[in-house]
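Read from first to last, the chains carry the letters A, B, C, D and E; within each, the first residue is number 1.
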Amino acid sequence: MKPYVSFNHIGQTYRLANGQSMTALRDVNFEIQRHEFVAVVGPSGCGKSTLLRLLSGLLIPTEGQVEIFGKPVTEPQDEVGIVFQKPTLLPWLSILDNVVFPLRHKRGSVTPKDRERGELLLKKVGLESFLNRKPDELSGGMQQRVGIARALLLSPDILIMDEPFSALDALTREEMGFELLKICGEQKKTTLFITHSISEAVLLADRVLVMSPRPGTLVDDIPINLAKPRDISTIHSPDFAAYTKRIRDHICNPNVLPEAV
Amino acid sequence: MDQVTFQLDWLPGGDKAPIYVGMEQGYFKEQGIEIKISHGRGSTDALTKISTGIADVGLSDLVALLVAKANDQVPISAVYSVFSQAPHAFFTVSDSNISSVAQVEGKKIATSLFTSSNIFLPLLFSVNNVDESKVNVVKANPGALNPMLLTGNTDVVISWITDVEKYKAQAAKAGKSLTVLPWYDAGLDFYSTAVVASDRFLAERPDVAKRFIKAFDKAVKYTWENPEKSGSAVHKIVPEVEVDVAADTIRSIHTLVHNDVSKVHGLGHFDSTRLATTWKWTAKAQGLREGAFNPEAAVNRDYFSE
Amino acid sequence: MKLTETVSVRAQFQKFLPLLTLLSIFPLWELGCALLSVPDFVLPKPSVIWTAFVDVETQRWLIHLWATLRVALLGFLLSIVISIPLAIVMVRSAFLTKTLFPVLVVVQSTPVVAIAPLIIVIMGTGEAPRLVITCLITFFPLVVSTTTGMMSTPPELLELSRSLRGGAIREIWQIRLPFAVPHIFSGLKVGITLAIIGAVIAEFVAAEEGLGYFVQFSTSYFKIPQAFAALFFLSIVSLVLFKCVTWIQTLCFPWSLPKDEKR
Amino acid sequence: MKPYVSFNHIGQTYRLANGQSMTALRDVNFEIQRHEFVAVVGPSGCGKSTLLRLLSGLLIPTEGQVEIFGKPVTEPQDEVGIVFQKPTLLPWLSILDNVVFPLRHKRGSVTPKDRERGELLLKKVGLESFLNRKPDELSGGMQQRVGIARALLLSPDILIMDEPFSALDALTREEMGFELLKICGEQKKTTLFITHSISEAVLLADRVLVMSPRPGTLVDDIPINLAKPRDISTIHSPDFAAYTKRIRDHICNPNVLPEAV
Amino acid sequence: MKLTETVSVRAQFQKFLPLLTLLSIFPLWELGCALLSVPDFVLPKPSVIWTAFVDVETQRWLIHLWATLRVALLGFLLSIVISIPLAIVMVRSAFLTKTLFPVLVVVQSTPVVAIAPLIIVIMGTGEAPRLVITCLITFFPLVVSTTTGMMSTPPELLELSRSLRGGAIREIWQIRLPFAVPHIFSGLKVGITLAIIGAVIAEFVAAEEGLGYFVQFSTSYFKIPQAFAALFFLSIVSLVLFKCVTWIQTLCFPWSLPKDEKR
């Protein structure tokens, strides 16, 4: 099977304001199959967000080539939906307008139907009573959920999410995780999911990529062969523990706090 | 009706009365001419507008026309002399004890930034044996001259006797009286404001030009015979101009129109000798070669006959 | 009950305090002029200005006012219509910025009074040259502040736009321009006062009516109190138009106001 | 013992841009003893950040009164150090200058000694090689760590931290948690610590406050009687599991993903 | 090797393309004037302007240039010194804003030429009135853009300041002002061109020398090409001073430039 997304020996070196340069990624090489859900874990500053920006076409790698279905990525693609690490909402638009913004920005206008869809997505992220608020009247976690709803609006084939649940509490996080799995399963999405939670990565992903500290390289690529559909009982399976241990061994102290992940 | 656009060389006032009189008395209508008046901002402005066809005919200082023609062959000719004496003058307050041009030595003189008076000042000094280096000349916005004079900021200002009534009115309010020292009494003797017309207007509508000048001549005569009525003619068309100020102005500049020159050569006519003198003074003051330009080329006598 | 009434009276007072402070200038001015016996042809007393004001027929005032207002407003609109697209074009293209900006600087720093004859020759003696002069005087701050506003759009918002492939036009229209609204209005505030100055200066150069013409006319007749009355009228017009601009901002773009002002 | 910090029947109602108002907190009533480390957990949007803003004096409650050592809080206090939910760095300053900014802002100037201290703190958060970078050249997690270093600079008596570790990976998070405990123990700080990680709350805190969804109220106040000093072995104690379970029972589904916390 | 050379030549070309485009105005102008036989007293051809330019002694040019430059620069500095504190005061106090702002609007929208008598009687005919006029014309955009910039400081940065109890002065100095730098410079860019206009207009009120004086002087003697030569000189001065402002920004506040420009 032809890979849907491929990173071919990617290197990324940033030019700094002081004239120096810094290598963020070095020789990153992996592929994602169609409809695969790939999670990326790695220490802070290892280049995960850079990876996201490369796949989204917002950044062109200084070395190697990112390809989507064989075509090199040189600019943002239509079929990609992105959740940024920062919520990145437009402060002058209401929450609902922010969620339907991708449509307005792509097509020029939104129909009442689009707004209904926006409302539905906001309901899915638990913000149905905040439609007409302005972003600065929302809490951090609420803003993040608006960002997630917005990324789902266009039903993109490829979803790229940068720590989408980082500002959410346990319950919301869990609900949103399974909601995401359901959406990805139903709509057959290909997903790159960046997270700091090892167990979240194992629970949601078909494959987990583990990255080394700066300059970021891939240190492991772990297919997660847990039964699908996943649900809360998945975490009780012995395989689950094995997977999380394997990842933890890469990036953590031997006896790291398991739940702090 | 023939349309003629008339270009003033400045804002409306008693000194521009003839054109308004001609309109109010129906002199232009008699000649089948309808007048449209355009306000100007100085002779140069008027000349530019006439030369580019925005106006057909208008007022300008003859000196300004000579300079413009010498510098830049503007297609304009003077056709009728309105003021055969120049209006330049020193104004001073009566208690300053300056009673002749020669007495300005050692005094402070304020003058407008851009007035043709300035170019004749050195000439005036040399004719009257005033040591130029002993005179302190400062330049300021024309609107500030009278306040400077009345507040004692300066001893003397240079202005035109066309403006004397405005100065007097303000001086009276400050409890001072004005002394006027015209330069034509101090040896400067030449033509000033004239009716000028674009050469195109003259060539394309010679008949209209002739009729216009005829009517204008009639208006000039009427104006200085009936200052009061002429003042109200101006006021009727330009409400901002007060009747008595305009009438007083007309009276006060009587000598610019009716003087020895006009007595000898007639109203409106240009005398070749005086024209040559006017150019000689101008060329000298401007540092131009006298032979570089023939002043006869600036006037056209074909359109006016009494 | 009593308390809230007191509070409300005090709030009202607070609201009008600036106005009261401003109005207190007039008695001070009157008194100062009288004490220092400043002559009326230098700085007329407010009472004298008032007399000069009522001496002129209301209808004449209205004619002059309307002439100036028309040119100022039309010139202002014209300069908005010109400068916002210019700013947009310059935000998009570094080449055009480098080519156009020097031209704009030159145009802006050329004293219009000096090129007035040229403008009049090209545009005739009607209202057109005055519109052009007003526009020339007004446009530059608008271009600069709109450009600066659009250029300071946070990069993450621009990245959002790029990721959605909305295209250049929508990036401008839906992201950069809304973000720049506070700065555009700061330009508009400067612009509206310049538009009035522009209309007045245009009347100094070529006009037969208008408040600027009237000031010039009065000054040339040394009717200083009358000139001040016209200047005063002009100030009122400026204040009202300025207020209109801030009012439009409050009404149409409340989110663009600083947080403190919203309350 | 007199309480060091007390929230007396606090209510907070926000005025919204559309003229309506919204109650974020209702009758919140608790005390913090001197040198206590109190963690707050609760669902997204329940009012945790509002709590922080109230204690820091940035916001005056619409009902009730917050007191620090018996004195009502009506403005920010000198002895308080804050880590905001957003990093809030000054984009025109270098990382080191951002860290020493509180001193410059309080005293007007910084000495080379202060900068040394800033460097030391940046070393503690693992950013010793980024001193001269600008904030926008750092990853999300790195920016957050700069914010933590900055809050520690003035050795405040009271530390208020709003999800300070949310953008950090497991390893860094764990290291920073124990570092924080060490600092709080050595310098005898009083700490209010907002987190989404239940296990982190239990591991670090002397007491955990659990909040209900909007409008936020306190639903539980759990003293954590685990042995001190805490270390990684603490998580293996049976009490630890009991505590986390008790909290989880409040805010999560019965069998929620434990590590997703 | 060859390739990089070509690239560098092209880069050089790219760099000078705007300049070349700009310079291409001159032949077009020359040709246009010749073809349409525009008289030199309306719009002189560049060649005629050049002749007029070299006809005036270099020393005279320098005298006029220096007179204008001195007033423009000093007036500009004066207006900076006045407007930044004014902006700071207005950012701090809503009452002062409401009281002062109308005054500023009135001052800004009063045509200085109209109050020439007042200015001259108070300050004489020396350099002082010209400095004041330049300052009056320049300060408003500076005040408005500085205020707008400081007012749009993100609330979270202000909260940081409040939480540190840095006090009002440090909030302004260490947070609001640095944040406002791009907008202050947008004000300075408008301001420097206005300072030149202001110096020129001031020369209409009282002067014995200066480029503005020289323009009017030449015009009043119908030496239009000479007036255009002076205008041209004035444009060059404006461009150079404008460039200086952007250059100071690049040098002292590189972080305040839009990201694209930094590259």
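Just so we're on the same page, a contact is a pair of C-beta atoms (placed from the backbone, for glycine too) under 8 Å apart; a residue touches a chain by one contact, two chains touch by 3 or more.
Keep in mind that what you see is a predicted model, and the values were worked out from it rather than measured.
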item	value
Shared chain contacts [chain C and chain D, defined touch]	A, E
D-E or B-E, whichever has more C-beta pairs in contact	B-E
Centroid distance [mean C-alpha coordinates] between chain D and chain A, Å	26
Whole-Å gap between the CA centroids of chain A and chain B	85
Distance from the mean Cα position of chain E to that of chain A, given in whole angstrom	49
Chain B and chain C, separation of their C-alpha mean positions in angstrom	38
Where chain C touches two or more other chains at once, by residue number	41-42, 117, 121, 155, 204, 216, 219, 224, 255
Shared interface positions of chain D, touching two or more other chains	17, 86, 134
Per-residue multi-chain contacts in chain B, two or more chains	48, 52, 143, 147, 151
Sites on chain C touched by chain E in the complex	17-18, 21-22, 41-43, 94-95, 98-99, 102-103, 105-106, 108-111, 113-115, 117-118, 121, 140-141, 144-145, 147-148, 151-152, 155, 182-183, 185-186, 189-190, 193, 196-197, 200-201, 204, 212, 215-216, 219, 224, 227, 231, 234-235, 238-239, 242, 258-261
Chain C to chain A touching residues, read off their complex	156-157, 159-166, 170, 174-175, 178-179, 181, 253, 255-256
Complex contact set, residues of chain D against chain E	56-58, 75-78, 80, 82, 84, 86, 88, 90-92, 101-102, 104-106, 108, 134
Residues of chain E touching chain B in the complex	39-42, 113-114, 116-117, 119-121, 124-125, 203-208, 213, 216-217, 219-224
Chain D - residues contacting chain A, complex	14, 16-18, 22, 41-45, 48-49, 85-86, 132-134, 137-142, 145, 163, 166-174, 177, 196-200, 203, 232-233, 235, 244, 248, 251-253, 255-261
